[in-house]
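Chain naming follows the written order as A, B, C and D, and within any one chain the residues start at number 1.
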Amino acid sequence: MSLRVTIWNEYRHEKEHAAVRRVYPDGLHAPIAAHLAGQGMRVRVATLDEPEHGLTAAVLADTDVLFWWGHMAHGEVQDAVVDRVQQAVLGGLGLVVLHSGHFSKIFKRLMGTSCDLKWREAEEKERIWVVEPGHPIAAGLGEYFEIPHEEMYGERFDVPAPDELVFVSWFQGGEVFRSGCCYRRGAGRIFYFRPGHESYPTYYQPEVLRVIANGARWAAPEAGRPTITFGHRPESLEPLPGPSA
Amino acid sequence: MSLRVTIWNEYRHEKEHAAVRRVYPDGLHAPIAAHLAGQGMRVRVATLDEPEHGLTAAVLADTDVLFWWGHMAHGEVQDAVVDRVQQAVLGGLGLVVLHSGHFSKIFKRLMGTSCDLKWREAEEKERIWVVEPGHPIAAGLGEYFEIPHEEMYGERFDVPAPDELVFVSWFQGGEVFRSGCCYRRGAGRIFYFRPGHESYPTYYQPEVLRVIANGARWAAPEAGRPTITFGHRPESLEPLPGPSA
Amino acid sequence: MSLRVTIWNEYRHEKEHAAVRRVYPDGLHAPIAAHLAGQGMRVRVATLDEPEHGLTAAVLADTDVLFWWGHMAHGEVQDAVVDRVQQAVLGGLGLVVLHSGHFSKIFKRLMGTSCDLKWREAEEKERIWVVEPGHPIAAGLGEYFEIPHEEMYGERFDVPAPDELVFVSWFQGGEVFRSGCCYRRGAGRIFYFRPGHESYPTYYQPEVLRVIANGARWAAPEAGRPTITFGHRPESLEPLPGPSA
Amino acid sequence: MSLRVTIWNEYRHEKEHAAVRRVYPDGLHAPIAAHLAGQGMRVRVATLDEPEHGLTAAVLADTDVLFWWGHMAHGEVQDAVVDRVQQAVLGGLGLVVLHSGHFSKIFKRLMGTSCDLKWREAEEKERIWVVEPGHPIAAGLGEYFEIPHEEMYGERFDVPAPDELVFVSWFQGGEVFRSGCCYRRGAGRIFYFRPGHESYPTYYQPEVLRVIANGARWAAPEAGRPTITFGHRPESLEPLPGPSA
């Protein structure tokens, strides 16, 4: 069965800023959606201004992996939708958080930390190094790849130490950043991938799209995972001595 | 300087249930407070029914390590206080979460997961095995220790994989549990320690008190930790090429 | 393409001890090989008493995942073969180490620790709990499964903290054990799975075989992983200032 | 009691190369030893050309933390001494491996991997970023510090993912490196710290010396750690059913 992907895009910069619209006339989700569909995935798009931000219970139930890009309107995302997405992730939904999504409610919720960082917009070069070459998210890459112009994100990145660190970025202006961070939370997997400032054509770059497709496959839930039950277990599995006095 | 510890106890079971009061006439925080004071720590107690639950900004600013025991009234803890404690932990405050505190708002907030588990009250034996003998929290213990009667907590414990797993419990009725879990979040350290059902004299047991004291020392913030700044960095550290066309 | 599995079995107990031969008349590798072949994998068997222990360079080059069971003759494995297997694992070969293989030269070599543990042969029950239900190695299992009679292995298990801990065992006699441990070393993946004493019919049990098949799939190398080069880089990627005085 | 530190230096470059001797006339261990002694530690120096490389059983028994710097003569270190140091680390000895010590027998032995990397000698700037500001090894530092001229080490660094990653380096020529890596092996702690090429005055720089002193304190063994026993446990802790038929 095809992997079912929902790309959630805030989709405001593209409407409000002509410079962004010139780069992404159909939204920055468009090249991502086209690439993933080209890989045989079943792709749906959801955006902030739809009812329930497009993330109804029915949509989430029909999704294996959810992408998240947001920036200028994190605060407008309803808490009820954040609750719903969090529950879905803990139940096995994959989540790929892109770039400024580091400050989204859902990512902060799942991390438990501020997710803060340093940043600078200066048209600088980013070189993304593979530090775990055996990781599925690095498949098909070289030892590193470059993005000619990106926004800088710099350490300290205030997240829990990733369960798996796949990429580290070098920035021309002097900073480094843990750019590809994998987490397991509940039965779900979360991949944070740094690049993708709205004013650069990053999401057209082949290496970036490759990582995005790899990330979707990595984050997808396992078939046949155990159904875990929680709560009261009145009966013991092994015989216990009688009640103590 | 003495380690400054604040023990937060919900302090309701002891008031409402005579059976609990018989075990902990002065609250279950009392034997913990006495032990830590005896180790030279400066100990304060805070409880749910105090204004701001006893956790004012001033109290937190005067605390190195906060203990947390709650059970029947997790929902009554105000979100504003949870926010304040979370910020303090990310800023370096140590947090030791005891037993049923696994379901507290603050622990769930910092973990990002449901923190759910299985449980049974059947007077059964718990044997706590040291799996990391070189860890400071295991100092002074043997290879394992036993608690004659405890509530069972069983896996799956829905938390992020701990950064350091110190203890695993064996239960007479057939379950296992990751009983000593260390996390680093922001500049703070978090230790979850399983034992301590309110109707058993667990917090009088020497091995348990030893772990509690070790946990306080482990979770205490470092002196002289770097002050991290976040946000906009208009200037680069290295010269950048001029603005692109 | 089919997954290419090589099962390495010491294959001495079966020849020397009638009691073991009764349980595994064709070697304890036989039911494992039959099960993996039934899953569509291409299975080969190699044993200690073959030239180069059956692990020639050609065999390793034609293997995706190597299983390892050894016990009474760890010392007879030639260091040159251990070197070869280690290099293959670092280059991407998957390795699944079973039961008493914890004390094999190759596992100790890759772990860097003693890999020691406690043990007892007393026909006791083992209950294996899933602690990471979202992990691919747990697919198709329930919350736990039981082995009616097994050798006990108890903590402290002297290995590095696993990168992913999938299973924890409960033993009737009072011990616990980290029974399913995942490691990434170089470009390779290593899975240690505890059960499988030679005198019990453990490797005929469906849940055990399921874990073994899941483990093979998990440990298999990625297609298209980056070719990493090491060593001298005389040229810099970015221009450097001239040589300093 | 004072922390007992032994600094092991290969001590060949200083004797054979005048350029190195100009920088470190008394050996590159000298400024490290002076700094640690100034912090109240009891410091001893051991070198390759001493009998047993200066690392007799008696010396190791009188050492809390061992530093290791080697480069041109890794192969001359006797395997028996490597065995002895490995056993000591697993038993609780702290180990701080500096710079080119990444290729020492002892580090490769404890890691189980090739420990390979990229390198370049081009007088370039290294900027070391703190990624875990709450870590004791970062105490007293700023957000980053710079070394004006160092040898470049670049990723992929072929080591197990560190248990704690404290520093990431930025290099002027375009590479990044995980420069401060913490491991726990057996009851011992291992800290790898990247800087320190023999031809630069790196070990006189205050920030570097601060990290070295912090590393020694972090790696020091715990007092009162549990004595773990391994091997046969003929008696069970809990009663078992009688022998099966």
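Before moving on, here are some points about what is shown:
Heads up, the rule we're going with is that contacts are C-beta pairs under 8 Å (C-beta built on N, C-alpha and C of every residue); 3 or more make two chains touch, one makes a residue touch a chain.
For clarity, every value in this text was computed on a predicted model and none was experimentally measured.
Listed by label, the chains touching chain A and chain D alike are B, C.
Judged by shared residue numbers over all numbers used at their interface, chain A and chain C contact each other through mostly the same positions, with over half in common.
In terms of the distance between Cα centroids, chain B is separated most widely from C.
Per-chain Cα centroids separate chain A from chain B by 30 Å.
Centroids of chain A and chain C (each the mean of its C-alpha atoms) stand 32 Å apart. With centres defined as mean CA coordinates, chain C is found 36 Å away from chain B. Residue positions 127, 130, 132-133, 143, 154, 156, 161, 163-164, 172, 174-175, 184, 186, 228-229, 237-238 of chain A each touch two or more of the other chains. The part of chain B that touches chain A in the complex is made up of residues 86, 90, 109-114, 116-120, 122-124, 149, 152, 154, 156, 158, 160-161, 163, 172-175, 183-186, 228-234, 236-238, 240-241, 243-244. Chain D contributes residues 92, 127, 130, 132-136, 138-143, 163-164, 172, 184, 186-189, 221-229, 237-238 to its touches with chain B in the complex.
Those residues of chain D lying in contact with chain A across their complex are 127, 129-133, 143, 154-157, 161, 164-165, 168-171, 174-176, 178.
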